[in-house]
Amino acid sequence: MVAPTQSIAPELLRWIPLIPLLACLLNTFFGARLGKRGAGLLASFAVGASFAIALYIFWLLPASGVIRDTVYTWIESGSFQVKVSFQVDALTAVMLLVVTGVGFLIHIYSLGYMGHDEGMVRFFIYLNLFIFFMLLLVMGDNVLLLFVGWEGVGLCSYLLIGFWYHDHTNAIAGNKAFIVNRIGDFGFVLGILLLVTELGRQGIWTLDLAELQKHVQLLNPNMITLITLLLFVGATGKSAQIPLFVWLPDAMAGPTPVSALIHAATMVTAGVYMTARLHFLFSLAPATLSLIATIGAATAFFAATVALTQTDIKRVLAYSTVSQLGYMFLAVGVGAFSAAIFHLFTHAFFKACLFLGAGSVIHALEGEQDMRKMGGLRSYLPTTYCTYLIATLAIAGAPFTAGFFSKDLILWQAYSSPLGSHELWLIAWVTAGMTALYMFRQFFMVFHGSCRADEHVKAHIHESPALMTVPLVILAMGSIFAGWLGTPEYLWGSRWDEWLKPIFGAAAETHAGSAGDEILLMQLTLAIVALAILLAYFSYGREGKLPRHLSSFAWGGPYRLFFNKYYVDELYDFVIVRPFTSCSRWLALVFDPGVIDGLVNGVAKGTRGFSLIWREIQTGNIQHYLIGFLIGILGILAYYLGQL
Amino acid sequence: MVPLNYYLILGAVVFAIGVLGVIVRRDLIVVLMSIELMLNAVNLTFIAFARFLGSMAGQVAVFFVMAVAAAEAVIGLAIIISVFRHRQTLDPQEMQLLKW
Amino acid sequence: MTPSMMLFYVLGGLLVIASLMVVFLSSVVHSAMALVAALFLIAILFLTLHAPMVGVLQVLVYAGAIMVLFLFVIMLLNPAAVEPRRRFGWGFGIVASLLLAGALVAVMTNGEAPLDPVASTELFGSPETLAKSLFTDFVLPFEIASVLLLVTIIGAVVLAKRES
Amino acid sequence: MIVDVGIIAAKAFLVLFMVLNLAGVLGWIERKGSALIQDRIGANRASILGFAGLGLVNTLIADPLKFLTKEDFIPPHGDKFLHTLAPCMAFFPALVTFAVIPFGDVLVLGDRAINLQVADLNFGILYIFAMASLSVYGIVIGAWASNNKFSLLGGVRGSAQMISYEVAMGLSAIGVLMVYGTLDLQEIARGQGTLIRDLLPDSLGFLKTNIGQLPAWGIFLQPLAFLLFFVAAIAETKRIPFDLPEGESELVAGYHVEYSGGKFLMFFAGEFAEIVTAAGLMTTLFFGGWQVPYLMRDGFHFPWWESWLLPHLAVAALQVAAFTLKVLFFCWLQILLRWTVPRFRYDQVMRLGWKMLLPLALVNVIVTAIVIVAVNR
């Protein structure tokens, strides 16, 4: 599959992000004329086209090749240059495939899902814009371009969460996501600026990733730690890690395809991508890495516990997303970047599949999201059922599904890599069990047991149209086979590491322990997963009224704690939001009108009074002015005579 | 032969008289004429210098002053006409709208 | 007292008188006629300074064109000849212009001025020499002046046209 | 020294005498001419001691007497000083203008060369225009001083008209100045003594035998300029068809309504003096001045025939006579015009001056310049 680089025209790259942008603009200006369906088709076609180009490039991309396409020089000041230029290497290629591929499927899905929404044109405009920014993020060959994409996807996420802005809570959710992301982005910007200025102090003014990688050794370690910490703050914001995860569950207010595309498959993984892209920095900062690992593990565990108790189908998935992102950061933290990207890759498939399935369910139940009002849908929605089952197995880590390979890889790395530790592995292991538990809890609550939906809803539950089911099927396929690219040594070995080695180099080579240990660990994981599935089945899988086993166990207290998400929102509200809002209210109502306006108006009043006095010399009578003129001349002459 | 200073003094005196007319007369036309008078006083000094320094530059300068003076007079009179049409007066003291 | 000196005194005296009449005569037309006289005298002074060409131009342009224009406007508007005079204004103005005259004289005459003019040929001030320097050294100002005059024509037409 | 002064005085007196008398004569000619044109007898009542014989002389004496003996009326609320000043200002330029018009070539008496021209200025033509431009004051001031609506209107019209036509007049004369390359009228007159063929380049040799044999008069070299100059000059003299300032039928008599007696005589004579001056100018600029065709300093030289040699005095006499004849002819032409064409309307006068004469004069100047450059090339 390796072909010479020169067979690819670099100018091809710019079209990958450009086509969605064009479609977006077209829809913006002519969308109304194209009509809902036309706009949707145009958008989907655009993303499909970029997907095709991405595939072509991926196909021709040599293992260690990098293709650059410089469009033009954006900023130029002295030796400091920022070019708008795109690059594709192995890592980017993977991301490209995920973004455009999954994006394409979800566009198709949306054609059906949003078919009845009057805001469809707007929806697809936002969606294309998002794709454009996401591609900018993954293809940009300098940090600034990456940051532009970063902010752009944030904006699109905000727009799409608040898509149904008539409902105030949705708007609130959008604001929350936006503001929380601002906090993260602030850290991110600081990190970038610090990086640039520090390098500049060494005499290298550049934002170019390749350049950075070349000169990164010039920085002193503490500085690197600080920079990476700041960058990681950005990552926590975007990828919903502790402490900035709170926005993601609320983000479910957006349409389900959005949740699938942005808040599961692509955008939220931007943080992981960023850390992987800047691995050369992070791998120089062990302190940061250990922090990342800890936070990742903590987030994974924490989110899983919350997911155990939620009753909203999408919230469960949201928390599971947070948890899976935790896994990825755990991998990053132990230096296994390729493993992180691998999990990102597989997760994109099964989590998108799960969301779309959930969407299909919600679609069928006319917007019902409470799992306690579902159940027994297997007979109604066969296709959705099968795909959902596959995806659930995948995320739970059943053998030979995608999740199995990627998650075990992460666990193994956490155990065996020099940066890892047994505690990390333990947390991840428990979390794996809980993952299986809450996923199957959801699965059983939705599809098994007796249908608890209202009568009139039950009257017309129907399988979704092919537009929605076909993507489901494809994604389900992906949820199984995507994992086979990166099997462990004791099977046919990992083609994945081979692929990413030129990027991460030694980072991919951390198999300290023996294959035996790896198999052992794998079996342990399988054991706890199986246990979890059984528990879930006995608690929720059987016929009859929905039992409250989890809560009725001895631990009611923790249940409430989980159910209320550890009261984190309330905590933030109390610690940050309220003081902040009250402070700003004081500023707005007291300080601003009193002091600021007072100053401004005072200056104005003073000027006016002064000029009221002095305007009297302006009689408007030209001869008076001429007399002034004459007096001036006399003065000059007198001075001159004095000089003589 | 008449020394240069004599012409200069004559020019200065005529110039000062013109200034007087400009600042005290309350008829725009006379004001304009006084300005012409000032210009001519300057012309006189130009010519005197040209004669005593033996260069034509002075006379050329006077030539240009004449051109400019003609332009100035024409425009000034046009303005006076249009002002008079609106306000039926030529008293500059009456034309004080352009203040504050 | 050489005849040239005498001529200068006569012309200068007449010129000063004429200028004073321009400023002090109350009737606009009288002022205008006084100004014509002053311009004519200045033209003659030009002749005594070997600037015949400029002198004739002076009569042609000033006396012949500009002043006629003034008279034309005066008759067109025919404004009330009487104008109010304010003691203060006149007192101040006279004092100020006396000061100005004194200062100007003092400033202009303090340098050592050449007592005798440069020996001038027949050509000095003749049309040929004037034209020569006009079209060689000063050709650019000349062109600019022509443009200025063109602009003036247009401006005058626009200004004096009755808006309708 | 004394002799020179005497000679100059004599020339000045001669010219003044001629011009003034010519003015008087023209007054009589105008009457007779108008009578002739209107088919009546005309002025034949002026009798001296009952003898009304030779009318010209009678009129010449009677007219001034009549005017001078009439009451000199100054209108109430008029401006006495200006009212008196005005006629002088109208009369003066017309007289002094003639000073620079040459009425003959250099006359050699013994060892003394007398230039038959009162004042030989090397920028004579400019001097003439300057003086002509002064003549407007007479009208304007007179009109103002009369304190009379009609005369004021006449004054306004006169000032506007004369300014307008001075421009056209000057521009049309410039063509001639360019051809003869001088501002000196005497030089211009001399320049017209040559033949056209002497000016032609060899490239136009085929013309030398036909047109080339004509004298290089302004009329042949600058025909358009002559037309423009003629019109403008008539307008300057404020006579029909350009007598808007007077306009008997609408302004009674325009700027000199309020004038009578001697002052009116000055206006009157001034007008005729202007006619003479205009005629002299046309002659000098366009019709060879004192030149007689093919008459050189020593006699006639016909290009197609042999020469007649003449004594110097005879040549001079011929030249002066020729000049006088030409001037008289143009005076007659103007009078003829005055009695045969109707009067323009005011706006028509302005349009003619600004929209026809001025552009044509400019075109003439430009074309002349191009031709001169081409020929000298």
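Order of writing sets the chain letters: A, B, C and D. Residues in each chain are counted from 1.
Operating definition for what follows: a contact is a pair of C-beta atoms (placed from the backbone, for glycine too) under 8 Å apart; a residue touches a chain by one contact, two chains touch by 3 or more.
Since we're looking at a predicted model, the values are computed, not measured.
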item: Intersection of the contact lists for chain A and chain B; value: C
item: Middle chain, criterion being Cα centroid separation; value: B
item: Length of the line joining the C-alpha centres of chain B and chain D, rounded to whole Å; value: 35
item: Inter-centroid spacing, chain C versus chain B (mean Cα positions, whole Å); value: 7
item: Euclidean distance of C-alpha centroids - chain A vs chain D, Å; value: 102
item: Distance from the mean Cα position of chain C to that of chain A, given in whole angstrom; value: 85
item: Sites on chain C at which at least two other chains make contact; value: 53, 57, 65, 69, 74, 76, 93, 96, 100, 104
item: Set of chain B residues in contact with two or more other chains; value: 19, 23-24, 26
item: Residues of chain D touching at least two other chains; value: none
item: Overall pattern in which the protein chains touch one another (line/ring/star/complete/other); value: other
item: Listing of all chain pairs that touch each other, if any do; value: A-B, A-C, B-C, C-D
item: Residues of chain B that touch chain C when the two form their complex; value: 1-21, 23-27, 29-30, 32-34, 36-37, 40, 43-45, 47-48, 50-54, 56-57, 59-60, 62-64, 66-71, 73-75, 77-82, 84-85, 89-91
item: Touching residues (chain side chain A, partner chain C) in the complex; value: 627, 630-631, 633-634, 637-638, 640-641, 644
item: Residues of chain B defined as touching chain A within the complex; value: 19, 22-24, 26, 31, 92-93, 95-100
item: Interfacial residue positions of chain C with respect to chain B in the complex; value: 2, 4-5, 8, 12, 15-16, 19-20, 22-23, 28, 31-32, 35, 38-39, 42, 45-46, 48-51, 53-54, 57-58, 61-62, 65-66, 69-70, 73-74, 76-77, 79, 83-85, 89-90, 93-94, 96-98, 100-101, 104-105, 108-109, 113-120, 124-125, 129-130, 132-134, 137-138, 141-142, 145, 148-149, 151-153, 155-156, 159-160, 162
item: Parts of chain A lying in touch with chain B, wherever the complex brings them together; value: 615, 618-623, 626-627, 630
